[in-house]
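To keep things simple, chains are lettered A, B and C as they appear, and every chain counts its residues starting from 1.
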Amino acid sequence: MTQTEARLNRKGVPAWGTLTGRWAAIAVALLPLLVFMCVFFFAPLLDVFVSSFQDNNGAFSLLNYADVFKEPILTAMRTSLGLAFCSALVSAVPGAILAFLIESRGSERLRQIIASISGVLANTGGVPLAFMFVAALGLEGSATGFLKLIGIDIYGAGFSLYTFWGLVVVYAYFQIPLMVIVFSPAIHGLRREWNEAAKTLGANGAQFWRYIGVPLLFPSFLSAFLLLFASAFSAYATARAMTNGTIALVPLMIGNLLDGNVIFDEVNLAKALAVAMVVVTLVAMIPYLIIQRRAERWQR
Amino acid sequence: MNLKRVVAIAAASAVALSATVSISTAAQAASVNYCKVTNLKTAGGMDALVKAAKKEGALNVITLPRDWANYGEAMDLFSKAFGIKITDDNPDGSSAYEIQTIKTAPAAKQPDVVDIGVSALNGVIGAGQDKLFANYKVANFAAIPSKWKDANGAWYGDYNGIIGIAYDASVSPAPTKIADLTNPAYKGLVALTGDPTAGQEPFMSVYAAALANGGSLDNIQPGLDFFKKLKASGNFSATKATPENYIAGAYKISLTWNFNAPGNIAGAKAAGKNLKFVIPSDAVVAGTPYIQAINAKAPHCAAARLWEEFLYSENKGKYTADLTAKDLKLSGSKLFNTIMGGQNIWVSGGAAPILQADMTAKKTIISGPDGFNVPKGAKVYQPSPDQQVTGKTLVAAQWPTL
Amino acid sequence: MKFLSPRQLPLTIGLLVAAIFVFFPLISAGEFSLREPLKQTHGFDNYVWFFTAPDFGKYLGISFGLAVLSALILLVILVPTVIWLNLGGARFRGFVEFISLLPLVIPVVALAIGAQTALPDFAQTNEVILAFMFAVLAMPYAYRTLDTGLRSIPLKTIVEAARGLGASWFHTIVRVVIPVVRSTVTSALFMTLALSLGEFTLTSLLHWDTFTTWVTTMSQSNILGAISLSVFSLVAVFVLLLAISIFIRPTSNTVAQEEN
């Protein structure tokens, strides 16, 4: 046992002092993150949470939450959930395939460039993204025109960029890169040794995938899917730039009530909606974390 | 007494007298707290107000788009004439943003004046509410219809517009009324500028559709039914009618305020497209006037009050491009009377100013852009704030599931 | 050719399809930005318009500075935590991951409204605070990227070696670990840059003035100019990224060289 190993004892924790030493290490490591999040995230969130339980005069009231379960908010919830699910599904599969191809066959340099590009693309949104797609796939978009030239009239066939499925297509622009970022570590963890071990034991490619690859990757895939779900669910700027409200989405409703020109007396309802969104996303994230924990074991 | 002494005494008295006079005027001028001034008289007259405003040198406005009722020209003219730098916070922002800013922003970011919708106003005035606005009665306050002003001068209506159809010149046949929008030739071409639950322009467009289809100001339902039909037939596109989307060809026909049209047409021309505008013959819907108010926490009190006097000035005068260096040397009140008044600038932008009746009687009103004003003899419908409340509830409930 | 070999072909095709999806909309928007309708031709007039606009450099600098500061904040907060997680604090991994994902949970507009009331006055006028808010928004991605990066190097070995030779924790992190994951750090920087140039909701609702709000003000008078500005925001980051990627050597080569 080397000197350093002796210093880092059994649980990998520095052996300086006793229990207090351990807690000190944890505190030093986690404190910056926790303080940061408390000031810049939890504090604003707390304000939203507290006012969601107040009526317009500041008195305690559960009416806002009662409204959350009525129309048209219920429809908005359903559409938002549907959009999140479809967007996650449509983006997770190509993203996973792309991540697999890059991780398993790409050079180190390629992997790093893709990581950077994915980070940039995952943060595009709002008016610039909306315009890019209008310019490409809008009624007079270049892609629309190009497809017309080869005989495919997408608008004639009923497609429209400003519908539910149009949004799914636009969301893919930042969802697929997000998938690549999130799923690559899982592929990275799929050791080549296992493929070789399976081969030496007589398995062919399909069998490897069926008994080893897919079961190992599936939990990570599912947790990445849930992450994409959360991301699409709370996306705001892009939907606002593209549509005029006929696609009912909860973030848009929140925007209308907080930052609009027509309804001014339902600010706390908007906050209740935001809290409802947080609850839904947390409910989606808990399975994510459980699945991730279990998938982790194979990635070390 | 010899002559020298007399002269000395006279000179000394003269000096003493002028010193006293100048001290007292200085004291008088220094003693005016422009944040408490409630009209031009207590401000000490236009010259004093202009002087004080020039000294402040800056004005904070909020959510004023340049091509909205020609606010761009108003801001440029005010800036050039009085040497006051105007900062426009979030030009595309909402009335809710304006109110929120007044309530929560730090002192450096407070706007001096606001221009909000009536619905926003109703949420912040009334018993038990903090007083957000400073009382100030502009020179022409008496001419503002009493329905659209606060008795104490806390807020006052400024201009309103009429909903019309903006369409690309390539659209054939050209639409002339709301009912035309159902034409199958317009498949996928009709759009609104936003969500009626979020914007006054689309909200009033629904009223226009209601009136064109047998509804009334108390019954907006036919308007909702009309858009539902339009959506089902594929004519109504869910795209947002913005200038960028128009250039990209995402839509060709939209319903907009008449005071947005001149700016949109000019912008479209610069981008290579030909946009036209017409007031529909089957429904002339006017919005309620927007409301001007001076922020009680205004950082530049004199400039704020001068801006309001400017906006309510009925003068027919010079635009920014016509101002000469000689004009700029004029005294405050003379300069003020040389420049075009804010009311007329709004007319040039296609809006109907609040003092329209007064100006028409006095013949001080200029002509607006061609084709932008109400066709003679047409009945103008204007939903009152109370009627809008009922309308809002219906729209908020039905629009998301259209 | 290597990228047409049976093994590499799927990757090549995948990347090609992805490239079309990514660049086609960008090029379409770009074509609009190059239009010069009054001269009936295509050219760079719109770009010249905003490049020569007063304050262009000023606001671009502000957003760029915020991005750098934001990336720095993320590094300061996350790197020690992620190192600790990978060395011995593995029990807390789930907890930290949960925290890092929370910003995805709430729509930005609600966060902005909460921040209006929660943050003190000086925070709302001082742009530096915006860097902290950007760090919050970028946290889910930054944590992921840093974690992946730090897991792909022999972290324990490096840390043990440095500590064994007497380096302080600070020295170990700053002078030993971070240079090894240089590319991960640059990745995080580009992410915050993209975020900083594109984030509008939070910035405008809280009365800050950055490149994004300047773009909106400038866009009012000139539609094609507005389009060219948004194209610029995206393309500028890409170009910068590509330029730097050419000059940064891949990590594992560096580590391999150091181990030799």
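The working rule: a contact is a pair of C-beta atoms (placed from the backbone, for glycine too) under 8 Å apart; a residue touches a chain by one contact, two chains touch by 3 or more.
In this text the structure is predicted, and so the values were computed from the model without any measurement.
A complete topology is adopted by the chain contact network, contact being made between every pair of chains.
Two chain pairs, B-C and A-C, are compared here, and A-C has more C-beta pairs in contact (counted per touch definition above).
Separating the centre of chain A from that of chain B, both taken as means of CA atoms, is a distance of 42 Å.
Separation between the centroids of chain B and chain C, computed from CA atoms only, is 40 Å.
The mean-CA centres of chain A and chain C are about 17 angstrom from one another, to the nearest whole unit. Within chain B, contacts with two or more other chains are made by residues 93, 97, 244, 248. Residue positions 127, 131, 135, 141, 255, 258-259 of chain A each touch two or more of the other chains. Contact with two or more other chains is made by residues 32, 113, 117, 205, 227 of chain C.
Those residues of chain B that touch chain A in the complex are listed here as 93-97, 99, 117, 119-120, 122-123, 188-189, 191-200, 202-203, 231, 236-241, 244-245, 248-251, 392, 396-402. Contact residues of chain C toward chain A in the complex are 7-8, 10-11, 14-15, 18, 21-22, 24-29, 31-32, 73, 76-78, 80-81, 84-85, 87-90, 92-94, 96-99, 101-115, 117-119, 132-133, 135-136, 138, 140-141, 144-145, 147-148, 151-152, 160, 163-164, 183-184, 186-188, 190-191, 193-195, 198, 200-201, 205, 227, 230-231, 233-234, 237-238, 241-242, 245, 248, 250-253.
Of all residues in chain A, only 2-5, 7-8, 11-13, 25-26, 28-30, 32-34, 36-37, 39-41, 43-48, 97-98, 101-102, 105-109, 112-113, 115-117, 119-129, 131-133, 135-137, 141-143, 172-173, 176, 178, 181-182, 184-185, 188, 227, 230-231, 234-237, 250-251, 254-255, 258-259, 267, 270-271, 274, 277-278, 281-282, 285, 288-289, 292-293, 296, 299 touch chain C in the complex they form.
Only residues 71-72, 75-76, 79, 127, 131, 134-135, 138-141, 155, 160-163, 241-248, 252-253, 255-256, 258-265 of chain A touch chain B when the two sit together in their complex.
Taken together, the chain B residues at the contact with chain C in this complex read 65-67, 72, 88-93, 97, 100-101, 104-109, 243-244, 247-248, 267-268, 270-273.
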